[in-house]
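The data blocks that follow each hold one structure.
Here chain A shows up in two complexes: once beside chain B, once beside chain C.
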Partner chain A sequence: MDASKANEPLPSERSGHLLVRVGEQICAVPVAAVRRVVRALTVHPLPGARAELAGLAEFGGEPLPVLDLGRLIGAPIGPHPLFPVTVVVWSRTGEGREAIGLAADEALEVVDLAAASWLPAAGFLIGEALVGDQVVRVLDPDQLGAG
Partner chain B sequence: MTEEGIEEELLLNQTHRRASSETEAEPRAAFGAFALLASASAAGVVLLAIGLAFGASAWPLAAFTLVAGAALALLAGRRGVFSRSAAGVAGVADLGSIPAEHAAASAALSELRAGDLVAAAEARPDLAPRVRAAIATAADGLATLAEQLRSVNGETATATDGVVRMTAELASSSSELSASVTEITAAMEELARTASGISERAITQVELATRVEARGAAGEDALVEAVAGVAEVEARIAAIAERTDALGARSKEIYRVLDLIAEIAQETHVLSLNAAIEAAAAGVEGRRIAVVAEEVRRLASRSRDSVASVRALLDEFSASIRGTVVATEEGAKETRRVLGSAERAAVAVADLRAVGGETSARAGKISGATREQDAASDEVVATLRDVLYVVERTSAALAGLDATQRRLERLVLGVELLAQGLRRDSSTSLVHLAQGWGERLAGPDSTAEAYQRALDELLVEAPYLDDAYLVDAKGYALFLGSRRRPADAPAAADGRAAEGPEHGDRDLSGRPWFRAVVARGRTVLTAPYVSVNGRTCFTVAVPAFQPTGELRSVLGVDVDVHNWTRIGAPS
Partner chain C sequence: MAPASLLAPSGAYGSSQSPWDLPEPLPGQAMIPTSFLLFHRGGGFWGIDSGQVMRIGPGAENLRVELSPGANPTAARPVALAADRVEGVVAGLAVRPMSAALRTFWPEAGFGVAVYSGRPVILLDPLHLPLPLVASGGPDA
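Now for the complex of A and B:
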C-alpha cells in the first residue's frame, strides 16, 4: 500500500483513518473515532444476539460489545490471522457515545483519506476510497451503534 | 592211412610171409642153427619194439632188423639151405626129392616165420624130437614174449588213455584259466585306469579345496573388517541421529524465540498504531509523535518481515532435519540389516573355509589311497601277466604233450599189432580167435539163417568187434553183421538185414584184405586204416578152402583201434 501517497495533504478535506484487514477486505475507520487498538479480546457470545454481534468482552473494567467486522461487511474469509485485533471505537448515540469493539484480522496503519474521492455508500459505510490500487471501505462508527 | 595203402602196410611179418613161399633143403644141423638164429632174431625184434613203444629211438629196431635179416640171408646162402620157388608153403610137401623130415621142418619153420606159432608147434611125426622141441621152444618163447608184450602194452595204453584224459582236462582248464586271467587282467587294468583317474581328480579337488580354503580365509578377514566397518557406520549414524534430534530441539527453541519476537513486533506495531491515533487526536501538536509512531510501526513491520523470513528458513531447516532424521533412521535400519547379513556371511564363509579344509584333507586321503590302489593294481596286472604267460606256456606244453600222446598211442597200437601178428594159442590172440571163428563158419553147409546167427553170436561173443562179414571166393558179401546199425539197415540179397557200413556195396573184392588173403592163401592182419565210414580200424581176414584147395569164403572182422585193449578181456 502506498501510504505516502495517501498521506499527501489535499486541498480538499482530508482526515486520518485507521486501515484494518478483515478477510480479504480492507476497511478504514476514522482515527477520531478510534479509542484504542488492542490484541483481540476474549469474547463471550450472547445467546439470541444477531449474527454480527460476536459477544461481550471486558475492556477497561467495562463490558464491551464486540462486532464481527467480517460478517458486518460481508467480507470473504481470508488467511488465518496471526495477530487478530480488536479496534475499540466510539459510536455516538442520542445521549452521548458508547464504546464498541470491532473484531478484525489485522490493524495495518494510519492514513489520510480525502473525502472528495469517496464513492457513495449507504448504512454504516460512508463510502469507498482507493488506497493505491486497493479499494478501501470507509466505516461510519456512529452508524454501528444505531444498527 | 587208406585202404589203398594197406597193401604196403600189411603187417603179419610180410617179409617172413614172402620167405614162407620159398622152399629149402639142408641138413638137420644147419636147419637147427637157422631156427635158433631166427628165434633169437624174432625175440630181439619184439624186445626192441617194446623199447620203441616206451619212447626209445626207432633206429635200433631198424638196425637190428637189418642185421638179423642179413645174418639169416647169409646163413641161408652159405648153407644152400633155402632156395626160391614159385610154389607156396603147400608146395613144400610136393617136393618128392626132399626127405620127409626136411619137408616137415621147412613147413614148421615157414609157419613160424609167418607168425603162426600154433601151426609151427604142431606135432609133426617126421621131425626129429630135438628139432621139434627146438621149434616148440622157440614158438613158446615167442608166444610168451608176445603175451608179456601185450600185457605191458595194455598197461601202457591204459596209462596213456588216463594221461590223455587228464591232459584234455588240463588243457580245458588251462584254456578257461587263460580266459579268466585275461578277463581279470583287463578288469584290473580298467580298475588301474579308473584309480588313476580318481587320483587325478582327487588331486585337482585338493588344489581347489586349498584355494577355497585360502580364499575363504581372505573372505573371512574381509568380512570381519566389513562387519567392523558396518558397526562403525551404525555408530556414526546413531551419533548423527542424536545430533539431528538435538538440532530438532534447538529448532523448536528458535521457533519459540521467533514467536516471541513476532509477538513483540506485533505489540510494537499495535503500540505504534495507538501512538499514531493519539497523535492524530492531538492535532498539530501530535504530528511529531505521529512521525515517530510511523517509524516505530515500520520497524515493527520490518521485524515481522524478518521473523517471517527467518521462520521460512527455519521451516526449510526443520524440513531438512526431519528428512535427515528419516534418512538416518532408514540408514540405521539398513545398516543393521547389512550388519546382520555380513555377520551371517562371515559365519558362512567360516563354515565354507572349514568345509574346504576338510574336503582338502579327505581328497588328500582319497588321492593317496587311489595312488596306492593304482600301484597295487599295476602289481596285480604284472602278476596276472606272469600267470598268463605261465598258463600259455602250459597250454603250449600240453599241445606238445597231446602230439606226443598221439604218437605214443600210435606206437602202442603198433606194438599191439606186432604182437597180434603172432598167432598164439591164447584168448588174447585175435588171429587165433579169428581162425577159430573161420573154422566154425567153414563147417558143413548150413542155412542162411544159421550163418547169420553165427555172425550175430560172434559179435556177442567178441564185443570188441565192430563188424563181421562173410564173403564168397569172389569177394561178394554173403552175410554182414554190425553192432552199430542193428535196426534200420536195408535188406541184403538173401533177404536178411544188411548191417554195417558196407551194406550199400556188397562187392568187397577190391578191399585190400580180400586181395591179400587171395594172394597169400592164409590169415592176414591189416595195419590201421580209415574205413569208408570214417572210423580207424584194422581187419583180420581168415580164408576157408574147399577140399580141393580152392578158396571157398573169407571171414572178415573189423576192430576199432580204440577197442583193441578189450581183446581177450572178460565181456
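Now for the complex of A and C:
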C-alpha cells in the first residue's frame, strides 16, 4: 500500500474526525492527522504568497507554514477574521511527513464519519458529509503538501 | 552602517540553537553558508548568505542591502535587497529545506528555513530572489 494513503479511510469505514469551525463553515480533519490544537500562533506574512498561506510561524522550535482554513475550504469569512486557534496537522506519513498549521475559529468535537456517505469534493477536500443538519467539509491534509 | 555593528551579540542565538548546530551537509548536498545576514521586510524575516553581502546603506525604501556581483552572475547588474530593518549576522542556524506545503503556497524559491530568536526565517537563494524583496532604483547618495 502506498504509505501516503495509509490514513485514507476505505469507503465503508468510519473514522474519527475533529470538527473545526471557521466562519460559518464546519470542517472535519482526520483525527489521525491532528498533532495539536493551540492558541493562535504568531504568523509572519510572506509577500507574494497565495491567499491560502497566512504566513510562517514558529512551533516547537521549527518553522511552520500556517494556512487560512477558511480560504482552503472555500468558506465565507468576515472582513477581519481573528482565527484564535491554530490546528497543527500532519500532512502525509513517513519520510515526507510535515507539520502544517490551520488558522481557525474553534475546535469543536471529535465525531465518527462514515466515508461511504460523503459527497465528492475537489481540491483540498476529500468530500462533504452531513453531521446533524450541518454540511461538513472533510479536509484531506495530505493534499496540502502535495506540491 | 559599519558591518561590525551588525554582528549579533553573544548569546543572541535561540534557546535551541548554538554556533555548533550547523548541520553536516549530506553527500551531494550544497554547503550551507556559515553565516546569514538577517533582516526584516514586509512583515517577514529573511536571511541571506552574509558572504554575498557587499554593502548596506540607505535606500529608497529604508535600507538597501547590496549583494556582490558574484551572488547572481546572470544578473545584468549587481542586485540589491530592500530591508526595513537589519537584525544582524548570525552563524549556526539550523537550516531546514523548504517544506512541500510552503513550496505549494509560496511560489518563490528559497534556500531553506530556520528559526532565530523564536521567529521563522526564510533564507534566500541569491539566484532566485523574490521580487517584493528586490530594491528598486539605485542607492541614495
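Remarks
Convention: the second predicted complex is superposed on the first by the 125 of 147 C-alpha atoms of A that agree within 3 Å, B and C clash if a C-alpha of one lies under 4 Å from a C-alpha of the other, contacts with A are read in each partner's own complex, and residues count from 1 in each chain.
The criterion applied here is as follows: contacts are C-beta pairs under 8 Å (C-beta built on N, C-alpha and C of every residue); 3 or more make two chains touch, one makes a residue touch a chain.
Bear in mind the structure is a predicted one, so any value in this text is a computation, not a measurement.
Upon superposition of the two complexes on chain A, no clash is found between chain B and chain C, which fit side by side. Of the two partner chains placed by the overlay, only chain B lies in contact with A:A32; chain C stays clear of it. Of the two partner chains placed around the shared chain by superposition, chain B is the only one that A:G16 touches, whereas chain C remains out of contact.
Once the two complexes are laid over each other on the shared chain, residue contacts for A:A75 go to neither chain B nor chain C. Once the two complexes are laid over each other on the shared chain, residue contacts for A:H44 go to chain C alone; chain B is not touched.
Comparing chain B with chain C, the partner in contact with more residues of chain A is C. Once the two complexes are overlaid on the shared chain, A:V110 sits against chain B while remaining clear of chain C. Of the two partner chains, chain C is the only one touched by A:L144; chain B is not. For the overlaid pair of complexes, the smallest distance between C-alpha atoms of chain B and those of chain C rounds to 22 Å.
No residue of chain A contacts both chain B in one complex and chain C in the other. Across the complex, chain A is touched by residues 262-263, 266-267, 269-270, 273-274, 276-277, 280-281, 290, 293-294, 297 of chain B. Against chain A, in their complex, chain C makes its touches with residues 14-16, 41-45, 96, 99-108, 113-115, 118-122, 130-133.
If you check the complex, the residues on chain A that touch chain C are 44-50, 52-53, 55-58, 61-65, 67, 91-92, 96, 98, 100, 144-147.
Chain A contributes residues 16, 18, 31-32, 34, 36-39, 82-83, 85, 107, 109-110 to its touches with chain B in the complex.
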